[in-house]
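What follows is chain A paired twice: with chain B in the first complex and chain C in the second.
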Partner chain A sequence: MQRKRTLAQQDMLVGFALILPSFLIILGISLQPILTTLYLSLFEVPRGINLQQTFVGLGNYISLLSEPIFWATIGRTLYFTVISVGIELVLGLAIAQLIHAHPPGWQFLRTSLIIPWAVPTIVNGTMWRWIYNADYGALNGLLLQLGLIDKYIPWLTRPDIAMNLVILADIWHSVPFIALILQAALATLPADLEEAASVDGATALQYFWLIRLPLLRPAILVALIIRTVEAFRAFDIIYVITNGGPANGTVTISFLTYLEMFSFGHAGRGSALSFLISIFTLALAFIYIRMLYRPEEKL
Partner chain B sequence: MKKKLRVVLLSILVLLALLFVYVPVAWLVISSVSSRSELLSTPIHWIPQQPTLQNYINILSPSQGTSEVAKTFRITLWNSLMVASSVTVIALVFGSLAAYALIRLRFPFRQTLLIGILGTRMIPEISLVIPLYLFATRFGLFNSPIILVITYLSFALPFAIWLMAAFFESIPVELEDAARIDGCNRLETLWRIIMPISAPGLVSTGLFVFLTAWDEFFFALILTSTVSAKTVPVAIAEFTGRYVVDVGGMMTGGVLAAIPPVLLSLIFQRYIVSGLTAGAVKG
Partner chain C sequence: MKTIRSMLFALIAIVLIASVVGCQPKQASGPVTIRVLTMEQAGPTVDEMNAIVAEFNEANPDIKVEIEYVAYDALHDKITTAMASNPPAYDVFLADDIWYAEFAKSGYVLDGTDRVSKETHDKIFPAAWDITTVNSKVYGMPWLLDEKYFFYNEDLLQQAGFEAPPATWEELLAQSKVLKEKGIVEYPMVWSWGQYEAAICDWVILLYGNGGSLVDDKGAPAFNNEIGVKTLNWMIQTIDDGYTNPASISYVEEDVRNVFSQGKAAYAVNWTYMYDLVNFNKDESQVTGKIKMALMPAFEGSGVESSSINGSMGFSVAATSPSADAAWKYVEFLTSESIQNKYSAHLLPMWQTSFEGENLTKLEGYTPANAVTVPMFNMQFPFAHVRPKVPYYPEASKALQLALQEALTKQKTPEQALNDAAAKWVDLAK
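Let's look at the complex of A and B:
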């Protein structure tokens, strides 16, 4: 018997003891459930979930992948993701640069950006739904007074328009997030860089494309991946603004999963769908973690 | 001259950005202090002629005439506060201990565990909800705030570990070595040296966890059914679902639900920016 354990042994014991509670919690509420979901996705599960389940193997996946409704949903999800994240990146980068140029009021703008980001998603959605209201909404009121429309338009009853309006609400919420990340990254760039570039005869545009953008690349990547994952699985904002309508025009993959699970009573198919979302997200997460844990690429 | 023009141009852009931020919020607040007849008037009343706090009174001290949703809203605010605070405390305690071990101590599978824990943070709620729903019904926790605290930990805990790990990494090892030489063991070092200088990290992490929990909608939608556990986001979503939409009440609920996270974020704004940079995300 050793009276005093070596440092390494002590470290190991303490380490396991410190991790154990978190490990057990994560095991119980994340790992076990995700494996159960994977298991359920291989069954046809009737309403009530616990009743007789029929093993169908990859049947749920195969039938999903062969249905036009699935691909239409994927199309809408990609549209939502690409358009909203694309616009958010461009606007976020623009605002970050604006702040970085330190015009009058830049500090107030930076502080103000926190507000849309901090407003809860459901409140954000509710607010925009009211703005888009067909009979009394501010959007109709404004456009009518500006003479751009001659009568009120029921915006959310047109599938193409409804999707873009949900995107607009998402943009309002998320542009500040990207702008804040990127302006923080800009602030860490060496200040004499621009001077040196202009001495060397670089135009502002060349400076932006050849120096600033490459240096911002890690921050942009982080922001992009976070936002892509979020947008791909967007649910709350769609639930509140359109509830998937009109005519399924805003049903994205998370919303379809929700419908399969809780409206159509297809727990098996729903689980399969949710597992597909997980796979996509984890793939992105993997890239994200690899990036974050490469110290020289840190912000 | 050219410089002046530049300043004018940039100022216009700042103004546009500020309009983008404030116009929707202003409309939210204006709608919350407008009477029902003014809200439903055409042409639209941009500035209410008779601003009223009636909507706020209905929610904060409900009387007989107020709608059911407005009556119960106060209770859901309380539920949200309790759930979000509990999640924050639990995630901070267990998360910072685990993060410290993962960053500073040498033991087998450390790297695997770290990656694995961070990976679980990316699992979408919808992939967990059916098993968690079954768990809730089996143990009589359906429609109880406890199930929300438990399920919220599924994202809050990995999230807290992630943020605290980034923070611990930035503390110089030398500091601990000095304490070790002075005869402190690991736990004493953690308690006496690391925790005190980790206050900023704990504040920042706690803030993000609280905001995320306050924001959460999906689990609350599926796992609660009555006012005894419903949270604010669910209550607000219900305003829209009702037969007669109480727009004023809905907007007032929105303002009240937004005040805590907005105030906290503004007060602690320097933590927000540094936290965002460390990879913190609120849903």
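Let's look at the complex of A and C:
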């Protein structure tokens, strides 16, 4: 006689069966490439068909970590990440609060916010490349008509300015994302807290700082992690606007990886760089969680 | 409940089986599909390339060509990525002169030596065969025999009182001074000195025009000497003096064309395709009818009459393509003499026979631009220089691009920047 499974066991079996297809897909499209990348990063891989790979152990990692260009690139990537995500958070929070206050036309505002976010990064990059063009760009045209400059400025030819302009383009694209997440979180906050606070005589600033911000922390955490990881891996916007120039002034870690992997054909070094990016982003996510996550809160 | 569960299991089973079946290669039925990768830049327009595909598809019902376009600067990386899969994502691709050494070494390009008849071989310029030939094996058909030319806006020059274009770079600066002082144009020159391959092309023109060269007889870097430094200093000085548009440091060829088409520059250096678009295309240009071409200037006292950059390209068949014969057939069609003559407005034929006798008169008459570009080609091409054909070219080029950028943005002295790039070249050659 067949042994009867308990109801819980049966449910578990069905559960496993149901997640099996998605598990296989995740295994195929996510885990397998990660493992292949890890494997490749331990070899020197010549570009070509049927060529011999040489095992170099941690050689790729060691040589990368000892090159000044790697650390210069990490520095630029951190600058890009900190400035863009920092400004995006402040602006996003401000816009979210504005929408939450339901001024006239707030629904229109919320809908139009989606437009910059919905534009593909490549299109966004191309648009900003035109805006920044020294000879026929809108930025020079605008500043000249406002009387702020007396002749056209070649914006993308100075390494210090170019990076900040790429950041500006990234901010324009990504602020809506943070604003929408925080606005959604604000909408779920209980209204009676605000009433109670005002009955107790709290000022608007106190209410924002002591009540609203702590309640928003889980949503801020989610937005920050997603945006930081994205910004750290920024590639397409740089590829389109500056191609890494001027004088490598906008070469970030993802751009360097692209050059090594695809342009120069060093699949081993490229894989090692990809892995280093993963480690850095994981570390960043970990720091955020330690800083912002409280176990009693639900994300 | 039980029915629902068994239905779920059945569903999962179907999904799994379907996904496995989906992986089976499909049997080819109907025409063979040939996928082609080419560029939309400096050469025939997309409309022209599509028209050639349509002609071929009509004449060959058993083959169906599908064509895709990318920017030049994305082409190399797209090819190498596509070649990583088997079968490759493209059967035919356009490859630059400077990539053939790498592609031949990697085994990416089909050896077509035996597919080229002696007759075909003899009718095409030897310089064109050099593009696709590595170690005496032919890895594709030459397609685009191009070089950079010197363009000037005759109207602006006449306003400044000049009847003839400059023959030397020194003369050009003297003319620029007048153009600037009279307020005719703010920046007389515009270049493609951005951190791209385009910068190397412009640098080669100036370097060789000053009596220098990229590499010596043994292939070792030779640009980090007095001539190299002098040339790079000249570039920096023209920006400082306001003769070169300072945005040139971020520009590629299309930016040059846009600025020149707006009449915002008196001189420009660009590939053949620009002449037709700037001088005849009213949708694209505000200076139609005012543009002339002249022999590329050189530096005084260098002993050089003129110099240019050879920017030729070829069409190749992927070595791992399952339909190599059909793919080669398309390449032959695309590079045939009749097709090249017909579509010669933005790209001149690499067939020597097109430039001989009666054919030359015909070629000059195919499009309005040809009357100027064909004689220009004959004049300028003997002065065109090739870049080193080495498997590590993309990395070497990036190092030199960086050096030029570092000097132009004044982060390093020209000496330092060029020495660093040369050291990298030596390192790569090991």
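The rule is simple: the second predicted complex is superposed on the first by the 261 of 299 C-alpha atoms of A that agree within 3 Å, B and C clash if a C-alpha of one lies under 4 Å from a C-alpha of the other, contacts with A are read in each partner's own complex, and residues count from 1 in each chain.
In this section, a residue touches a chain if its C-beta (ideal position, glycine included) is under 8 Å from a C-beta of that chain, and two chains touch if they have at least 3 such contacts.
Remember, it's a predicted structure, so these values are computed and weren't measured experimentally.
On the superposed chain A, the positions of chain B and chain C overlap enough to count as a clash. Once chain A of one complex is fitted onto chain A of the other, the partner contacts of A:Pro154 are limited to chain C, with no touch recorded for chain B. In the superposed model, A:Glu195 makes contact with neither chain B nor chain C.
In the superposition on chain A, contact is made by A:Tyr136 with both chain B and chain C.
Of the two partner chains, chain C is the only one touched by A:Gly244; chain B is not. Comparing chain B with chain C, more residues of chain A are touched by B. In the superposition on chain A, A:Val229 makes contact with chain B only, not with chain C. With both structures placed on the common chain, the touch criterion links A:Pro120 to chain B but leaves chain C unconnected. Of the two partner chains, chain C is the only one that A:Gly265 touches; chain B does not reach it. Using the contact criterion defined above for the overlaid structures, shared-chain residue A:Glu67 touches neither chain B nor chain C, since it reaches no partner.
In the superposition on chain A, A:Val14 makes contact with both chain B and chain C.
Clashing C-alpha atoms with chain C appear in just one stretch of chain B from the list 132-140, 150-158, 204-212 or 258-266: 132-140.
The residues of chain A shared by its contacts with chain B and with chain C are 14, 18, 21, 49-50, 135-136, 152, 258, 262. Residues 14, 17-18, 20-21, 46-51, 133-136, 151-152, 154, 156-159, 162, 242-249, 258-259, 262-265 of chain A touch chain C in their complex. Here chain C touches chain A in the complex through residues 5, 8-9, 12, 15-16, 73, 76-77, 80-81, 83, 102, 105-108, 186, 194-196, 245-247, 249-250, 255, 258-259, 262, 264, 319-320, 392, 394-395, 398, 402, 405-406, 408-409, 411, going by the rule given at the top. Within the complex, the chain A residues that touch chain B are 8, 10-12, 14-16, 18-19, 21-23, 25-26, 29-34, 36-37, 40, 49-50, 95, 98, 101, 103-106, 108-109, 111-123, 126-131, 135-136, 138, 140-142, 144-145, 152, 172, 175-177, 180-181, 184-185, 219, 222, 226, 229-230, 233, 235-236, 239-240, 254, 257-258, 261-262, 267, 270-271, 274-275, 277-278, 281-282, 284-286, 288-289, 292, 299. Touching chain A in their complex are the following residues of chain B: 7, 10-11, 13-14, 17-18, 20-22, 24-25, 27-28, 31, 39-44, 46, 94-95, 97-98, 100-102, 105-108, 110, 113, 115, 117-124, 126-132, 134-135, 150-151, 153-154, 157-158, 161, 185-187, 211, 214-215, 217-218, 221-222, 232-233, 236-237, 239-240, 247, 250-251, 254, 257-258, 261-262, 264-266, 269, 272-274, 276-277, 279, 281-283.
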